[in-house]
């Protein structure tokens, strides 16, 4: 029997959570030979409010597409974090933004805190790359896809002019995650 | 971006207290940063205050769309209906209780695309109501498809190569259909808008106010507008000219611009009043 | 309406008279054969009693207008036929969701599409239940006699007001255009129910208060400034994304009908006790069935008729009871088999449908033949 | 100028409501406001003419100017 | 479309790709969540292949325009969601009656009314069968996977062209917005069926020739000057009042589907042989069911799944077969019980529905729990 | 009732042979004695003959109504659709086969009541088709209810006390919506009508011709018109004035009359052509 | 058990057949104490074409409202006569207009021919009273309602100005029928 | 007049199509036609100017005038 790996990217509309999910899934199913499904859910407003994007990765066809027992979750806002962390499984990973998530939930899972949005702003001058930094960190933490695959997936999804920026953001994520893991 | 008009002597010295008209605990509203709908709503509330109308006597009706979410925030009798059908529901409300002031808030898609038929027929009947068309040249709620007011050549999620469709002139259409009060304002010219809406509320008969406002998130982004303010500047400020000034301006300054202000006003029998006369006549009252 | 008077009336006119009796004071519609006489009649009579008639630009506007008028406090109605009924489906769902009392008449004609405008049919009965998207409650009454149309129209308004939901009146071209003697009921003779209005102070008013089975409904312009929407909403009427509230809201509007089936159901039984072959029928077809059953009884056949005057919610219990001793149940319909699906689902005995979509009525002979096979 | 002695206006910003659209900033005739991170802030209160345009054009009921 | 390529696509996009593959060259629609991406995708891609995309003023205009374009010879499609689907009902009936091939997609969202626009649902499945007035044929396909949406869209076009009738594609918000890897089929890989055109001389052409099971359909502007109407018509297309012709005409359009059920049906079975508890499912819910059945089998429960890819005409035979040994059949639906009525009508074993209308998917656990009770 | 205009030198010396365009065995048509629809049809067929269009290239589309029964009689590609939707079906046909000439025949109810939205949007798009509105101020088919063109005060089966609704000016509405050819004719002025229709057929873009004709059976009887001829005389002849003469006439002779003739004509890009340009641009042709 | 009497009035749209049916039914149920149902059928054109109006009269409630075994039928056009005469029962009556119905069907029923329309035109100057003349004749032939009842019913349905004309037409019908019966 | 010698026109009426609306009668400029019972008939052929107006205005394709 195969494995089933579940990721959830959460934040607020406009933070690129859906794109993050798509890139992760593409890394798995286009640039590696895995199966992947990405799904999402958002309020009728489609603006603001908590938004989430889920990716299930497996080596077998995936039937149930939603995350119920999450291996790794990202939360870029407090609201999203509080609303969505409950499904993280035992020994799963929760990655939160230090700046945005003040109340970090406790549980049977590992928590990493990092100033993702701040880094995006300070290091790259664009808060929007927070999602790419996150992808780098998650790849490093989980190894669910290879770094080559995620890099290809990122580059395939961003316009020419922003390729370099995003590559750097991704690698920045790899490094940050290594640091954090190192600290343990 | 400061403007000559803006430095005029301020008319208001204490801020207007909107809370009287807002339902408690509903803010922040769902509209995106920079969306013009909130600006329009504020002009409307100030006009209502000036009109002296009581909250119990106002019924606000809308269809479906971002603009049509307005009724949820205001403390009137409020009715959020189906996409395009606001005017039909409003017609029922008004005929049933002619003493109420019926205000319809609707979008360019809601009023002029799917709701176009009810729009022209409401105007024809000249039933007493104020129709505010929040005209942002896009379907905001569904994520940026072109609408009947999206300029030819513009981009939207369903006109990625530039829109090939011509536009409606909402005001011309209203007039040709029979509306007895037709005006245009913008979310940039907030005080003028307030005055126009106030006039429209005072008018007996169908009044249509087309209000140019902006959807920075969809129309703006897809058409390379840098910010909400830039959109307002380009479209609402530079794209329009007041009817009061149009005669004084050289043709090149008017060319291609939309007129602002009260464009048409006439007296014609109002539907509910005519109906009441009919009742009086046949019921032997 | 003060004096009792025998009149010779068309079914459609009786429907209009029923509406007036029930207190309907708003009608919005768009002409369509074979329902138009209802509008024509009310266009003359409503203004005489201070009511409003408006001919809208189409059927969609019509159902929207009656919902608006109802929220402003008037009992309201619209009438149409197949093509118009299809167009009204979205508006019907809105009235279900927002719990707006109103009455919608569908005088059924030959379909599908433009079909056979002057021919009778019963082919919108499943549409009446499933025509609009999403799960929603349905009440539909199916009178078969002109006098009954008047009474059932009053009942339709009563149910609508009592359960705060749209109620459908379905009959076909035959009954709609047929003339029979009618006694106009005197004032007070028939029960007339008005919607419950809130008594609480406006600040406390919850238009969808889950504490009630059927929450009272204020009228616009009377001091209760409430909000109405077709989005899933909380008990205060404002939209919600909360899964539990969404589900509970939909379930409540369905439950309010389900829990009150006994009150809503109305059936007529003929020779049902111990019947060995049962005919289940509604509308004009049931008239033929009644004739047939009487003739069969004369011949000694143990035939019985269950006639539904409330078709939705479906009279499942009455049907099961009626079929207890039955070898077979015959279902005549002016369609190609619709209600027969419900019957098949519910009974264990043999089910035989008699269908006809040629614009001619099902006659008693056809029914007798079918029933005799099982006698 | 003698005006210097005059009482300064009070600009009240509800940060919870401000969505950072910068309309008030861009259209303030005397450049009183600026964006600070995701929300608006006052940078030059002295220049404020109390014209109320920031309030009038704020889509979010987020800014008010008191005498 | 020449090269085989693996793409990561949304269900809605796959639907659009399927349409292009099937030869769809005309799309008319009106935006509505959660179907809009289909329109957006085709607005970009259709003109590239010389096809036409038009955004109409509403849903009614959209379904009308595709019927017009189809009669002029183009394979045509429209897509919508609940409220729009309700509005299209009259036009759908017209296409059935006039036998116009076309494809209508309904990406189901929470209802009734405006409901929960971004929430998934399966509550339009009975509407798909009964939504328009009058008796009419219905074909509806219900894909559950993104790749499958592409294939089923091609199949929908094929069925539509082959049987000269509108075909519905029903899936829900979950599948519509979900992304999965998709292999674009190469040219020739999937069967693409085009409507049969007449070969007789124009003077002899009968557009509704009863001599055929499915009469060939000429395109306007190609020398066959025929007449099309939504009235009951004769085999030459002109209106008739003749009872026999009326009835025969309606029966024929229903028969052409009924007689070809075997060709139209498509089901997927998992562990059905000898299953003691069966789950009958369609659409996204069937994905959970598949997961559940697999898990149950691991636990030794004799569970089986029958998944309908053609929901209408209803797979009655497959269902009866699947339930031969079953103690119970479980029917999970994102509604308050719709298809379960069909199941109850057809099977003798116990039927249990699992319903959910809160905007959340039915998860495998819910299904497993229900099924385990009967193991 | 003989008129000056009528005694002018005859232009036709042999009768026109309609049978070329009529389907065999369909006459008599369903229209009542004196119904104007048949007169209009004949003008249309003569105009088609003059236009040189081939029968195979014409697609005639209609909705539902007495007027909308026209397609059943003529030997073109014919499509009798749903009430109010003719223009939407026609839009599909035209876009699919732009080389076809699409002619829509519709009634005042079909085009302007239930079909009003499609009417204004078709005009807006300026899609090439000729729209003939058979305007008899009544819903004929359903037995005489008032329509959006029934004059205020008139009687119908739903306005037994006199109609309180104002009317649409179909031509004004078409123009305000964007139609590029707008004209009005009558069933009385048969030769003028033929010329107007011919011009409309030659026009590229949306052309709307409102044709005043009569329903003697319902409108006539309910409004105490003695005969079909009297109706034609009162409404079509005396109720209208030609645009060509309007300037020459004293105001009192024009007052309250409807203009006949070509009222508006402009050149604007046609929808199908614009779409073809788009295809050429993006398909790299 | 009670009796059931079925009448069918047929002709073309505009000949007043529906009104004739209504008047006959009203005579029975308003001006006498019988039960009566009137129904009709017409083509979608609602103009021209064969049209029929049926009346069932009984002393009991009437369930099936349509005529299947006709006691008396009137035909004012050939088309209507040919199309609708088949349901006349044995020993029933068929009354046809001499001018309009050239081919008179034969059967197990009694046929009366009379120049009804001509009389209407010649004697009363209005073809439209043909239906009232017919009512007079049918009343005389069948006796299904009394002459008093039919007269009241006719007068109640016509405008003041035409009351006298219609009364005369009705009595003319009585007389004509008597003559015809006499001839037998 | 020498015109008396001229050939008279031929007016063809299809009685099966004529619905007797009398439009042709009422608008014939020279009073050539009349109603005879339910259909139209020629009463004064000599007066006919061949103007074709009767044909042009006949709603029922029922009358034609040949030279």
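Note that the chains are named A, B, C, D, E, F, G and H in the order they appear, and that numbering of residues resets to 1 at the start of each chain.
To be clear about the criterion, a residue touches a chain if its C-beta (ideal position, glycine included) is under 8 Å from a C-beta of that chain, and two chains touch if they have at least 3 such contacts.
Bear in mind that the values here come from a model prediction, so they are computed numbers and not experimental data.
K.L.:
Going by the stated contact rule, which chains contact chain D and chain G alike?
P.N.:
Touching chain D and chain G alike: no chains returned.
K.L.:
Could you let me know which interface, C-F or E-F, is made of more C-beta pairs in contact?
P.N.:
So, comparing the two chain pairs, more contacts are at E-F.
K.L.:
Going by average Cα coordinates, which chain is farthest removed from chain E?
P.N.:
H
K.L.:
Nearest whole angstrom, what separates the Cα centre of chain A from the Cα centre of chain C?
P.N.:
Whole-Å distance between the two chain centres: 54.
K.L.:
If you average the CA atoms of chain D and of chain E, how far apart do the two points sit, in angstrom?
P.N.:
56
K.L.:
Taking each chain's centre as the mean position of its Cα atoms, how many Å separate chain B from chain E?
P.N.:
Averaging C-alpha atoms per chain gives centres 40 Å apart.
K.L.:
Considering chain F alone, which of its residues make contact with at least two other chains?
P.N.:
Counting only residues that touch two or more other chains, chain F contributes 28, 31-32, 64, 82, 113-114, 116-117, 121, 141, 143, 148, 161, 165, 275, 278, 282.
K.L.:
At which residue positions does chain C touch at least two other chains?
P.N.:
33, 47, 57-58, 60, 83, 90, 94, 113-114, 116-117, 119, 229-231, 239, 241
K.L.:
Please name which positions on chain E make contact with chain F in the complex.
P.N.:
Listed in rising order, the residues are 25-26, 28, 47-50, 52, 54, 56-58, 60-62, 64-74, 76, 90-91, 94, 219-231, 238-239.
K.L.:
Residue numbers of chain C touching chain E in their complex, please.
P.N.:
By the definition above, chain C touches chain E via 60, 82-83, 85-87, 89-90, 93-94, 96-98, 108, 110-117, 119, 121, 123-124, 126-127, 129-136, 229-232, 241, 243-244, 246-247, 250-251, 254, 335-338, 341, 344-345, 356-360.
K.L.:
Quick one: in the complex, what on chain C touches chain G?
P.N.:
For this pair, the touching residues of chain C are 6-8, 33, 116-119, 174, 177-181, 284, 287-288, 290-291, 294, 361, 363-365.
K.L.:
Could you please specify the touching residues of chain F with respect to chain E in the complex?
P.N.:
23, 26, 55-57, 59, 61, 64, 71-72, 75-82, 85, 87-97, 99-100, 117-118, 121, 275, 278-279, 282-283
K.L.:
Flag every residue of chain B that touches chain F in the complex, lowest number first.
P.N.:
Residues in contact with chain F: 113-117, 120-121, 124-126, 148, 161, 164-169, 172-173, 175-178, 268-269, 271, 274-275, 277-278, 281-282.
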